[in-house]
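Everything below concerns the one structure shown next.
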Amino acid sequence: MQRLITQTLLRRFLNKCPTHTDRLISLSARMAKSKFEYVRNFEIDDTCLRNCYIVVRLDGRNFHKFAEDHNFLKPNDDRALALMVRSATSVLEELEDINIAYGQSDEFSFIFKRSSTWFRRRASKLMTHVASQFSSSYVFYWGEFFSDQPLLHPPSFDGRVVLYPSNRNLRDYLSWRQADCHINNLYNTAFWALVQRGGCTTAQAEERLKGTVAADKNELLFSEFNINYNNEPSAYRKGTTLLWGRTDEASTKKIKPSNGDERQVLVTRSRRQVTTHHCDIIGDQFWDEHPDILEPDD
Amino acid sequence: MQRLITQTLLRRFLNKCPTHTDRLISLSARMAKSKFEYVRNFEIDDTCLRNCYIVVRLDGRNFHKFAEDHNFLKPNDDRALALMVRSATSVLEELEDINIAYGQSDEFSFIFKRSSTWFRRRASKLMTHVASQFSSSYVFYWGEFFSDQPLLHPPSFDGRVVLYPSNRNLRDYLSWRQADCHINNLYNTAFWALVQRGGCTTAQAEERLKGTVAADKNELLFSEFNINYNNEPSAYRKGTTLLWGRTDEASTKKIKPSNGDERQVLVTRSRRQVTTHHCDIIGDQFWDEHPDILEPDD
Amino acid sequence: MQRLITQTLLRRFLNKCPTHTDRLISLSARMAKSKFEYVRNFEIDDTCLRNCYIVVRLDGRNFHKFAEDHNFLKPNDDRALALMVRSATSVLEELEDINIAYGQSDEFSFIFKRSSTWFRRRASKLMTHVASQFSSSYVFYWGEFFSDQPLLHPPSFDGRVVLYPSNRNLRDYLSWRQADCHINNLYNTAFWALVQRGGCTTAQAEERLKGTVAADKNELLFSEFNINYNNEPSAYRKGTTLLWGRTDEASTKKIKPSNGDERQVLVTRSRRQVTTHHCDIIGDQFWDEHPDILEPDD
Amino acid sequence: MQRLITQTLLRRFLNKCPTHTDRLISLSARMAKSKFEYVRNFEIDDTCLRNCYIVVRLDGRNFHKFAEDHNFLKPNDDRALALMVRSATSVLEELEDINIAYGQSDEFSFIFKRSSTWFRRRASKLMTHVASQFSSSYVFYWGEFFSDQPLLHPPSFDGRVVLYPSNRNLRDYLSWRQADCHINNLYNTAFWALVQRGGCTTAQAEERLKGTVAADKNELLFSEFNINYNNEPSAYRKGTTLLWGRTDEASTKKIKPSNGDERQVLVTRSRRQVTTHHCDIIGDQFWDEHPDILEPDD
């Protein structure tokens, strides 16, 4: 990098800064800024390939410990799940072009439209906005869900960007996460049943479940704890899907007809809002019922 | 993507889910998960080039409006600046390998060591961790700094990663940001003096300052408002630099000599902690005084 | 980068190299190699996103001058076009997974299957292999097409990689190139008719064509030179598309029935080979007739 | 991708092309081109990070077989090595900003200046230009070196780009390649001595050398074949380094003094040209003698 003669001058002034050198300092600062500005050219373009879905997935950092520290209930803490959903809702509301999001446990995936041009599709902008909005919302809304449990330290979520070129790829991604939810939740339900109600230590529970297939866990839950896994809350078994929907809002409005007295009438307005679902998203039914989520493959 | 024969089966079960198909569902779910897992291969490696400094810079999103909403003082709000510094400190403390950070206004830059291998130098991990930790900390510590002003909505910060191959490049980057701080703060100081004390409208103030060089603004501040810009707080003029330092901590400790009674002694321990600086970082002096920040160019 | 104590030793030996230090040199060399091998970690993964078509397009470097130097006929030189096609055929034959290629003028595009995993889809491998094979073939086959015109210096082609996520995107890419072929060839045909047969200087021809739409050029060709542009060779107007086809090859084979004398029979074998087409590839007809080129969008 | 109403129109015309639709075709083609041009936006920027050395390394594809097919002498064929060097020289001469190149066996590395802005530092442009120029030169110059051995088929070289941020990293890269040359050549020298002069089969030679360190191979060469490895040609042991140098060229020039007769004088001109070296480039001596290759680390 070429050194300009003025730099020495500049540094001397900036290091000493006597009052009467104000003029020179300011001049130097501006020259300096333009001289330093070449560093902007080191930024790399990270535009996401066009016509692909952009998935940003967040994962809680060290959430095992975070859950311990804040006394999350096992295997599922309704307050914690609801807070995740509240934070994800905030992401959909504040950012552009997210058509669907899916979350389970301490992770959440946000899918930007394949045609989105938000922030010129720059991967860094998209993923940091998601990570930031989610994290600040998580703290902001904590008290709404954990009224008796103070937040002890700020949590952290990491993120990544993955591109999917086709509707099938995107659906398979979401199916992968929901299948993961199913497998983990079944395991956790059995594990904590053994510990909390079966008197096992965690090591014993782990041992009991080693090598079992899902059917064995279903049987164990049913025969030993009278739990029909299929009757467990769908939020636990299926995770949470967020979509954009519309609701009617009723409100009153004053009107004054030209030929009469002012009076109140009831008006209904349709408002776009995030809706919450705990259904299967692997099969076709969900996608048939919500044809607007995916954009055609061309 | 190839469709397996089992998928139809799987979907039928997952869509209907009668109790007695538990066993099949579980089996299908596991098969499904492994069938869907190919989507992991769409993740792209974004490892940062070795032996380069990794800069993550955050910028507040729509902070002009955020500042208005929360009644930030102009041109500088001490509480807001302190909260930025507190949040940045949290980033240094919770993440690895950040040797220096520099912030001004609503932006903060974090510099990872050029030899860092944290998260295998994956750009997405580094920038989302910074964005997340900073954002959650900003909300978490809000009340410490804004006791009378409630936080109205969760703020958002976007981030980017830039690599710098040499010490000179890194210093020039930091110089660029500090020169930017100087230029903006001088302008803002003059602008708000005209508005708050000079009785100008914002439009008039803008007009007054159009085309002026820094020296003119210095003069204006001095002659019209008796402000010697150089005596303004260095935190405003120079921004904030965060470094790792050591402080001695005194504490008492009980000891019990073999030949005597237990007694208390005073012990001093050196603890690593983040230190705050508002000095010039463009000149050599700062770097000469802190030789451990930079790693040799080879 | 950490310097090991052995390096000084190594350098001394490698710089001096007296015979009796053979043993030490060899030892050092091996140690050196492993010591230096860290530089491999600076290689960046450039895997192309899965399930996307990978287009490698080559363009001749300074081909205007190259054409001048080698007396290419204007506006189209059949030998030069045939050599381009021969070289491109060599690329299809020697590399894997190229389903279709399209060329015009001094450019050629090669499309790798969206499901290809050749060289782990590494962009650098794919594009350098294409550029290398094409370039060496161009020189190798030069004499077959330019028997009277020696090759004066080795030509050069640059390349790039572009990904297309959908069949529509890929078809639009190929349509873009063929529309470009049409526009350029119509212009060149008119331009050189004016120069070669109309007695214009090149400057005058340029002036004549300025601002004309295609229809004007058609009219000019027809009214002034009695050229019906549509009857021009399709290779000029449509460029060249390369596909994989099958041809029957007849050959004789000796057979000796158990109950008779040896005799010769004619056998026909189907062989996979590159086929050449000069048809429209913008409309649906071509794609309907060759349903195997594209892979389904999922 | 949005379909325009005009496309159906366009396709019908392009598929049929009756003479009197010329005007419409041309119009459509131009509209088509602009309609298809969106595909350009799928190109990704692959600018190399500034202030880093850009290394492009080529490797011969299937060169073991290529060497067999063309009867290359073992362990080193002077003609083949000279052709590699001639081709690499062509790369230095025709491309910009390559300060040094190093080759051995069937590989060659080209190092672009860290300050180079050739082709805006786009990785694809740099590596395909190198691969193309090298490959076409290899075929072009084949006859100069292999007068008795015709080239049977066009060879291929693949390439890659690697960035190095510091002089030490770059030197270590080159040292890595030269140490590799040493290790391989020593092995090959011993191997082929056993086969060609020791009467071993290749399998036996391989067995003999299994587990030997370099010193053992030196000893074997000396005691069994009276070969002092250190006296082998340095081109084999050290590979080939290409640099830019200057040579004086003498030529005659006619001058005609105002007051005399025309006469011929001898003039000397300094010309920039590629020079060839077979020396150690691991130690400091080479770099001390050629201080202009590296640019300072800042």
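Letters A, B, C and D mark the chains as written, and numbering starts fresh at 1 in each.
Note that in this section a residue touches a chain if its C-beta (ideal position, glycine included) is under 8 Å from a C-beta of that chain, and two chains touch if they have at least 3 such contacts.
A quick map from chain label to UniProt name: A, B, C, D = tRNA(His) guanylyltransferase.
What you see is a predicted model, and the numbers here were worked out from it, not measured in a lab.
K.L.:
Where the centre means the average of the CA atoms, what chain is farthest from chain B (tRNA(His) guanylyltransferase)?
P.N.:
Following the centroid criterion, the farthest chain would be C.
K.L.:
Counting C-beta pairs in contact, does A-D beat C-D or the other way around?
P.N.:
Greater number of contacting C-beta pairs: C-D.
K.L.:
Whole-Å distance, chain A (tRNA(His) guanylyltransferase) centre to chain D (tRNA(His) guanylyltransferase) centre, using C-alpha means?
P.N.:
Roughly 48 Å, centre to centre.
K.L.:
Report the inter-centroid distance (CA atoms only) between chain C (tRNA(His) guanylyltransferase) and chain D (tRNA(His) guanylyltransferase) in whole Å.
P.N.:
A distance of 20 Å separates the two centres.
K.L.:
For chain C (tRNA(His) guanylyltransferase), give me the residues that contact two or more of the other chains.
P.N.:
Residues 1, 42, 44, 49-51, 163-164, 166, 168-169, 298.
K.L.:
Note which residues of chain D (tRNA(His) guanylyltransferase) are touching chain A (tRNA(His) guanylyltransferase) in the complex, please.
P.N.:
1, 41-42, 44-45, 47, 49-51, 298
K.L.:
Quick one: which bits of chain A (tRNA(His) guanylyltransferase) touch chain C (tRNA(His) guanylyltransferase) in the complex? Just the residue numbers, please.
P.N.:
Listed in rising order, the residues of chain A (tRNA(His) guanylyltransferase) that touch chain C (tRNA(His) guanylyltransferase) are 49-52, 163-169, 297-298.
K.L.:
Report the residues of chain A (tRNA(His) guanylyltransferase) in contact with chain B (tRNA(His) guanylyltransferase) in the complex, numbered from low to high.
P.N.:
Listed in rising order, the residues of chain A (tRNA(His) guanylyltransferase) that touch chain B (tRNA(His) guanylyltransferase) are 1, 10-12, 14-15, 17, 19, 22-23, 25-27, 29-30, 32-33, 36-40, 42-44, 58, 61, 90, 94, 119, 123-125, 127-129, 131-141, 151, 153-164, 166, 168-169, 172-173, 175-176, 179-180, 182-183, 186, 213-215, 217-218, 228-230, 280, 282-285.
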